[in-house]
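Same chain, two partners: subunit A is paired with subunit B first, then with subunit C.
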Partner chain A sequence: MVAEIGPSNIESAFLLEALKRGTRVDGRGIYDYRTLKISCGPTYGLAEVQLGQTRVLARVSCEVTRPFPDRPTEGIVLFNTELSSMAGFGLDSSRASTQEVAISRMVERVIKQSRAIDSEALCILAGEKVWTIRIDVHFLDHGGNLIDAASIAAIAALKHFRRPDVTIDGEEAIIHDVRERNPVPLSIHHTPICVTFGFFGASGDMLVLDPTLLEEQVQVSSFTITLNSHREICALNKAGGIPLSPDQIQRCTQVALAKVDEVNEKIQLALKASTA
Partner chain B sequence: MSRPDRREASQLRALNCSLGQLNRADGSAQFSAGNTSVVSGIYGPVEAKVYEEKLDRAVVEVKFRPDIGAPTTKDKWMESAIRNTFEREILAHLHPRTLVQIVIQLREGDGSVDSAAINATSLALVDAGIPLKCMITAATCAVLPDDTTVVDPTQEEIDAARSTHTFAFASGSSTGPLYVDSRGDFTMDEYNHCYELCALATERVLAFMRTAIEGKVTKEAKISAA
Partner chain C sequence: MASVKIVLPGDIIDTRREEDTTQQESNVEDEATVIRLGPGLVQSSEAVSAVTAGVLHSNSETNRWWVAGNKRRYVAAVGEPVVGVVVARHGEGYRVDIGSAHDALLPHLAFEGATKRNKPNLAVGTVVYGRVVVANSVMDPEIECYNSNTGKSEGYGELSEGFMFKCSLGLARRLIDTKAPVLAALGNGVPFEVAVGVNGRVWVNAGSVATTILVANAIRNSEYLDAKQCRQMVKELLEKQ
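Entry: the complex of A and B
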């Protein structure tokens, strides 16, 4: 009935005491992900991810537009990640806190700046017509760790999406209706996946993977590493919080490498299931 | 004239719904008819802001988010339409000075989006336990250029139609519709015909909703009895 006022002292104390003994409030190990469910389709480019109690929906669509004047041979990738009021009462994209804005920006940067999508392949006629790919990420349920869920949803949706086929005939481009010719997938170089860790304790010596909402509210520091299936680090993000040692970062990276492989497998299974 | 998906003129698409899937929201429902899918989340009754609270009743707020792109004036229109439909059917006097917030997210749009949104909201309000006078069910009809009338049109059929009509009725009520949205070029005969077809269609939607809610309640009863 009342607006969110954060966790009580008892809840925080219980969480920290349990962590000191090596367990988490929901019984997971410190390096365990919550149950991850990915479902794609039926519409091309629609992916819904459920990570524990967090639910995120991603939708990819395309449109033919003019390119940017300084990039005539590249397509455009647009992002829209608003924290909707459905995810939690009091959340509103027009009055978003800095943390919420950071979440939206993080997902956007991960996909755009890691050059996951081949924008040159989106060019139809240089300087005149290119594909604009639009990714809308809708947060339906905020149960903690929105970044990981959103990155998985966005990548799954991009891989699931099919754009209309195009034939270039000299100076003319023919965009085929999807009923005439099968639509084609996007050219995706690699699949960056975010893995988030939360740190607890006065010196940040206790850490967990995939924090829940309660753990996020109690944590003293947060660290997100973005890796792809080629074992490359696409992005590291540690914005504020208490300082962490390079050893902790290293440890997190090793754990994340294993997790990203698992997540990629799940995405592949979900994509296969949707086309079956 | 056969429809692209081989349905009969008065046949609805396959209906699907799931209740209570969201954890943070007080109530939620996902409703889909064919490829049109809507999620509705309810927060309420919650604390209203002092400047918007009403002393003797709950305030109803609706937010509608499209599947693609930022919200436009079309979505604002949908918000006010849904708010007007539900404002009088929610027993707001039982919860003065509170807010009932309805958040609707369109997942996939393939025609008849407004009726899917109304149906999803009806189910979500039941899931949230918000007291209602009645269930509200909606259906859409389209009059095609060859003068046939089809129920639950897809986006393709709507694009080709001469007029489209959405009606929402209160269950168990013999009075007129709670919500009417008619667009295009039509005669009164066509309007009346659509009215009758939608009234029949909403009865089928209501039966479907009843089965869904009964299923949920029996499941919950089993869990609490065990």
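Entry: the complex of A and C
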């Protein structure tokens, strides 16, 4: 089978040449996102994100289960990603490559450890019944920057999702069918969005926002910062690559702050326009 | 004009022609006409059925039928020009990735003027433009970078500068077959070289970095535009420069 190959000589040379002149090979500026399209629906909890050529689908579902014994009053959040050969050449869903595992862990960390979902609100009867929320992320097309697209899809799907309404009657919990009572949204504290930067050149002095697949293959370092609309940093991620200086990190943070506001607006518009 | 007929895999194709009796001689109606099946069609016992989704085309003079579909995964076929990337060097030749399920073999001597003493030395990652020589379902494909009949390179060989990008197979085919309007419109505006591989890869080289990016973006954007819209888009891109 064909293994994953790197970029050709002329592609990397041309990309670096173009970056030295301040342009990118698809004509974008270095701080420009690709066209971002978010669509939610037709069922609750389904969100598809297109970021240029990258396409990601996120689906949220729920189920009533027993809680973990050491956390009897908290609900459970399960996270799963699928990167199959539909997304690109050389990708295989049976072997998860290190890159795929890194992406999956990153998005999971962003959703779970930043406490975006209120898990106490998922409790139905302490010690007996809680909601298990399951988020499945499918990568449909790998055009670069899967982390950003996956985080936007996951959080949009979570905000779009509605779970069945529950009434507690003493020791009994009645879970209402969605046809009897309107389902209720999850309690989401804040909206974390990942913003990824790629660095090029021997000292990492050239940077781009939202790298494409070719830029990801040529970059010497990658840095992801996760922010929410309250201007709080939820996560920073830099795995390997050449070292970055503090003012490069500062510059990225400032750019990311502006971008996160734009993305949040788009998510709001998509939720309003949803067909569910 | 004839209506557009879209077929899906599994559809049985009716290749009898009721309309053009003027072109056929009436005294051969007892003989079966030979029908040539092109890409996307196979014969299963007596019937012809489609194996790809796309638009059904036919050529009445050569009696050839084919399905023009659009995908992004290439299947090698003999005689097609392809753009490949060298991934490994072996004793007998190079292994070249052409986007198909298996890498293609490019023999060391399949270049213009190559002899045992004088072989080209391509590094891993070099981009080459070649022609498919062997392609079937049981062997790895093979390509050559010259015309083996004349011994001349005829444009094939190593592509050393410029930029390469990927596009859909349908766009690549249109760029080669129909003298696409986007290339003509660009040619009126800026000088550039282009090598189109039917495997969905296009190599572009213009004078400067900015012009090369402009040409590459124009070609990529032209996929769903008709001739007039292509010319309009190219005009706007050239003005902005």
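Some notes on this structure:
Keep in mind that, in the parts below, the second predicted complex is superposed on the first by the 270 of 276 C-alpha atoms of A that agree within 3 Å, B and C clash if a C-alpha of one lies under 4 Å from a C-alpha of the other, contacts with A are read in each partner's own complex, and residues count from 1 in each chain.
Just so we're on the same page, a residue touches a chain if its C-beta (ideal position, glycine included) is under 8 Å from a C-beta of that chain, and two chains touch if they have at least 3 such contacts.
These numbers come from a predicted model, not from an experiment.
Upon superposition of the two complexes on subunit A, a steric clash is found between subunit B and subunit C. By the document's definition of touching, of the two partners only subunit C reaches A:R21; subunit B does not. Residue contacts after overlaying the shared chain place A:S84 against subunit B, while subunit C stays out of touching range. When the two complexes are overlaid on their common chain A, residue A:R55 makes contact with subunit B while staying clear of subunit C.
Among subunit B and subunit C, the chain that touches a larger number of residues in subunit A is B. When both complexes are overlaid on chain A, the residue A:S8 reaches subunit C alone and has no touch with subunit B. Within the superposed three-chain model, A:P42 lies in touch with subunit B and out of touch with subunit C [touch as defined at top]. After overlaying the two complexes on the shared chain, residue contacts for A:H138 are found with subunit B alone; subunit C is out of touch.
Clashing C-alpha atoms with subunit B appear in just one stretch of subunit C from the list 6-14, 150-158 or 204-212: 6-14.
In the superposition on chain A, subunit A positions 1-2, 89 are in contact with subunit B in one complex as well as with subunit C in the other. Those residues of subunit B that touch subunit A in the complex are listed here as 21-25, 28, 35, 39, 41, 43, 45-47, 63, 65, 67-70, 98, 101, 103, 105, 107-108, 110. Those residues of subunit A that touch subunit B in the shared complex are 1-3, 42-43, 46, 48, 53, 55, 57, 59, 61, 80, 82, 84-89, 134, 136, 138, 140-143. Listed in rising order, the residues of subunit A touching subunit C in the complex are 1-2, 5-11, 14, 17-18, 21, 23, 25-27, 89. For subunit C in complex with subunit A, the residues that touch the partner chain are 85, 87, 97, 99, 101-103, 123, 125-127, 159-165, 203, 209-210, 212-214, 216-217.
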